[in-house]
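Both complexes below contain chain A, partnered by chain B and then by chain C.
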Partner chain A sequence: MNVIEINQLSKYYGKARGIIDVSFDVQEGEIFGFIGPNGAGKSTTIRVLLALIYPSSGSARIFGQDCIKDGPEIRNYIGYLPAEVYYYDHMRVIDLLRYSASFYRKADKNRIYRLAEIMDLDLNRKIDDLSYGNKKKVGIIQGLIHQPRLIILDEPTSGLDPLIQQEFFNLIREENQNGATVLFSSHVLSEVQKLCSRVAIIKEGRIIGVEDIKALHNNNYKKFKIQLAETVSSDYFNIEGVADLTVDENNHTFLFKGDINQMIAKIHDHRISNLIVEEPALEEIFMHYYEREA
Partner chain B sequence: MSVLSMIYWTAAIILLLLMFMLMYPALSQDISVFESILNNFPLELRQALGLTTLNLSQILGYYGFVFIYVLLIGSIYAIKSAMAVLSEEPRSKTADFLLAKPVSRTTVVTAKVLSVLTQLAVQNIIFIGVSYIIMLVYGRGQFNVATLVLVNFSLIQVQLFFFAVGIFIAAVMKKIKTVLPIALGVVFAFYIIQMINQSINDPKLAYITPFAYFDVGKIIQNESYDMIFLGINFSIIAILTALTYLLYQRKDMPSI
Partner chain C sequence: MIFLIYMGMLKYTGFAGAGESVTDLFDQIPAGVKSILGIGELDVTTIAGYYAVFYLYFMLLAGAHAIMLGAIIISKEERDKTGDFLFSRPVSRSRIITSKLIAALLNIIVFNLTTLFASLVFINIYHKGPAITDIIIQLMVSLFILQLIFMVVGTGIASVTKNIKRATSISAGILLTTFLISAAIDLYDKIAFLKFITPFQYFPAGETITTGGYSPSYLIISFLLIITFVIITYRFTEKRDIYI
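Coming up: the complex of A and B.
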């Protein structure tokens, strides 16, 4: 079953491009990555899903219901963490979280304390006095109190230190195992790689691909870093299947997809002083992807 | 927060009234001198200030003269509160918090509208009560209570006009950074229209300012409201409020 169905969604701000013809589905129970550079349209897409802005054309459905028309009803089951967190400054953290919980039918206020402990957040401080990272924690908790069936996270990790980030990822995984579907937007590929099963890639307002993370990895790209002991022509390794070839003196670096023996044979013909073959980071696969699409 | 603001503004209105009324006993003894000074002012100025229709030698006339300033302050408070409450989310950047909750935009507007209306109602109850006591003390029974009530009830009606203008502006404008300058500008614009209206006596101008709908001098003279203006005021409030609901429903909340 699809939890989110986005169908040819477009949003223009006056004449400025927001998103164009965005379509993708998120299935129940998955952690779905939504990735693209800043300004590509991730937040715009998400804010249409929450009816914070109105689509210029197209539609989006959540739990099979229209996200604009049935918005108030479906938002009962959505937890949302905005990209930028701003709350009522004069309130204390605990007051804000209680206020937030009061909107939902199914909010267990005891969860506030559990979540605050996991995220290491002092509930008695004033919002005004919180650092950016701590405000982000407030945002995460207010999005999870009511055990939402769909969790929408817009750039959730910015401002969180690595330790808390890890706790946060564990928390999201736990929610996911308890049945929540997650839409996770980010411009940092490594975190999407850690968490997500599928990913939509957005660029300049358009979806340029929806990929399986595993399939991307199994794409059999290998990253070669070869330091030769002798000089060869700079396009020596530029054979079929090689991408992103850079040559710096005798250091040759590239991505390779194809018969590995072929490459070993090429290397074997020369004396080498160092050789590293590794899994490329998704980032590099994507960079390649972006360039191809551009 | 907004309750505190309501208390301050109500106190300001009452203090203003009290200060002017404290002067009344002294003033009423030398009223002929005072009026002759005023009569040296150009006619247009006296008309603009509403002095030609108000009889200052009577306590109710004097009260009416002061009441114009009560109306001004009350109007500024009404439009300011209305604009502030409906532009709160874009201004404090909390739209992504509040409007992502399972509430409809209509519910949000209604809650906001009711909160301001409650404050206006409380303010008016306090003002009407206190002003009656002040008048009892200084008027010594020499005024028509029914007329005083009529005058006093024009406050809430003018406030409702500016309240409707305020929520409408907040719904139309993308983002309001500071409320008070706009509030002051709008109220004084309507008041200046009324001053021009009184000084040139152009009947057409009267149709576009609530200060003419509830012209204190005429209310005291006729001991009644002008029913046509009453209807116009009500219609404008209804239309602007309805438009506000429609516009807010489809409003794009600015991202930060």
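Coming up: the complex of A and C.
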């Protein structure tokens, strides 16, 4: 079953691009990554899902209901951590969290204390006195108090120190194991890689691919670094399946996806002085995505 | 507000004591100046007339309070960037607006009642003649209508304004403009037809004191204005894109 179904969603800010024809589905029980550089349209997409902004065209459904029309109802089951966290400055953390919990039928106020302990947050301080990282913790907790069936995290880790990040990842995994579906937006690939099963890649407002992260990482691409002992034309290795080819004198570097024997045959025809074949980092795979679509 | 009324009544004791001579003095002030001061044709040596002069400033203060309250209560979520928090809760926008309007309403009621009680108490202390309680209450009802109008004008402006930061300055501008138009109408009879565009002229204190009633046409205009701006507030806030 799909928890989120986004169908050709577009949002323009006046004439400026927000997102264009964004479509993807998030299945129940998965941790779905949403990745792209800053300004690509991740937050815009998420803000439409929460009916904070209205789409110019297209639609999105959550739990099978329209995210705008049925927004108030479906938001009962959504926990949302915004990219930028701002709360009522004069309130104490505990008051803000209780206020937040008061909106939900299912909120268990005792969870506040448990979550605050995990995230190492002092509940008695005033919001105004908190550092950015601590405000982020408030954001994480207010998004989880009511045990949402769908957790939407927009750049959740910025401002968190690595130790707390680890706790946070554990917390999200735990919620996921208890049945929550997670949409996790980030521009940092390594954290998406750690947590997510599938990922949608967005660039300049358009989705340029939805990939299974394991398949993407393990099987498809190999990174070749070849140093030839003789000079060949710069597009010698530019066969089908090659991407990101760079040639610097006799050093040829590229990503390759396809029959490895074909590439070995190409290499076999020339004298080589050095050869490295490795797993590309996810960053490089995505860089390739971005460049190809540019 | 209480202090203003207190100081005002303190001065009244001096005025009332001087009696005739004050009337003479005021007769010598040109009509234009009197209009600007809000005195007009009122007899400031009677307690009602004197109070009516003050009432002009109550209107200005109450109007400023109401329109700012209205503008801020709607715009603050975006100004303080708490909109993401509030509007992502499982409640509809219209419910949020309703709660905000009720909160603002309570606020202006408290403002109005404070003015009422302070007026009654201080008049009672410094004025030894017959009580003018019913006039004061009538004036406070007019004041409340004025407050309501400006409050919903404020919420309306905040819902329509694209750049939310400008909501309060536009509101302040509208308040001042309507107040100045009102003063101008007091100066030149010829522009009296403009009365309907400034709530300050709907229920002038002098009229309330002399006739003891409200003009039905302005009651209707007030009612329509309030309804219109409430509808604007709901419509536009519901359709608004929330940015932080």
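One rule holds in what follows: the second predicted complex is superposed on the first by the 236 of 294 C-alpha atoms of A that agree within 3 Å, B and C clash if a C-alpha of one lies under 4 Å from a C-alpha of the other, contacts with A are read in each partner's own complex, and residues count from 1 in each chain.
Methods note: a residue touches a chain if its C-beta (ideal position, glycine included) is under 8 Å from a C-beta of that chain, and two chains touch if they have at least 3 such contacts.
What you see is a predicted model; the values in this text were computed from it and never measured.
Bringing the complexes onto one copy of chain A puts chain B in a clash with chain C.
By the document's definition of touching, of the two partners only chain B reaches A:H90; chain C does not. Applying the stated contact rule after C-alpha superposition, one finds that A:G14 touches neither chain B nor chain C. Contact with both chain B and chain C is seen for A:P72 once the two complexes are overlaid on the shared chain. When the two structures are aligned on the shared chain, A:P162 is found in touch with neither chain B nor chain C.
Shared interface residues of chain A, touching chain B in one complex and chain C in the other, are 47, 50-54, 71-76, 78, 80, 82, 84, 86-89, 100, 103-104, 142. Of all residues in chain A, those touching chain C in their complex are 47, 50-54, 71-76, 78, 80, 82, 84, 86-89, 100, 103-104, 142. By the touch rule above, chain B contacts chain A in their complex via residues 1, 92-97, 99-104, 107, 250, 252-253, 255-256.
Remark: chain C residues 80-85, 87-92, 95, 239, 241-244 touch chain A in the complex. Residues 13, 43-44, 47, 50-54, 71-76, 78, 80, 82-84, 86-90, 100, 103-104, 142 of chain A are the ones touching chain B in the complex.
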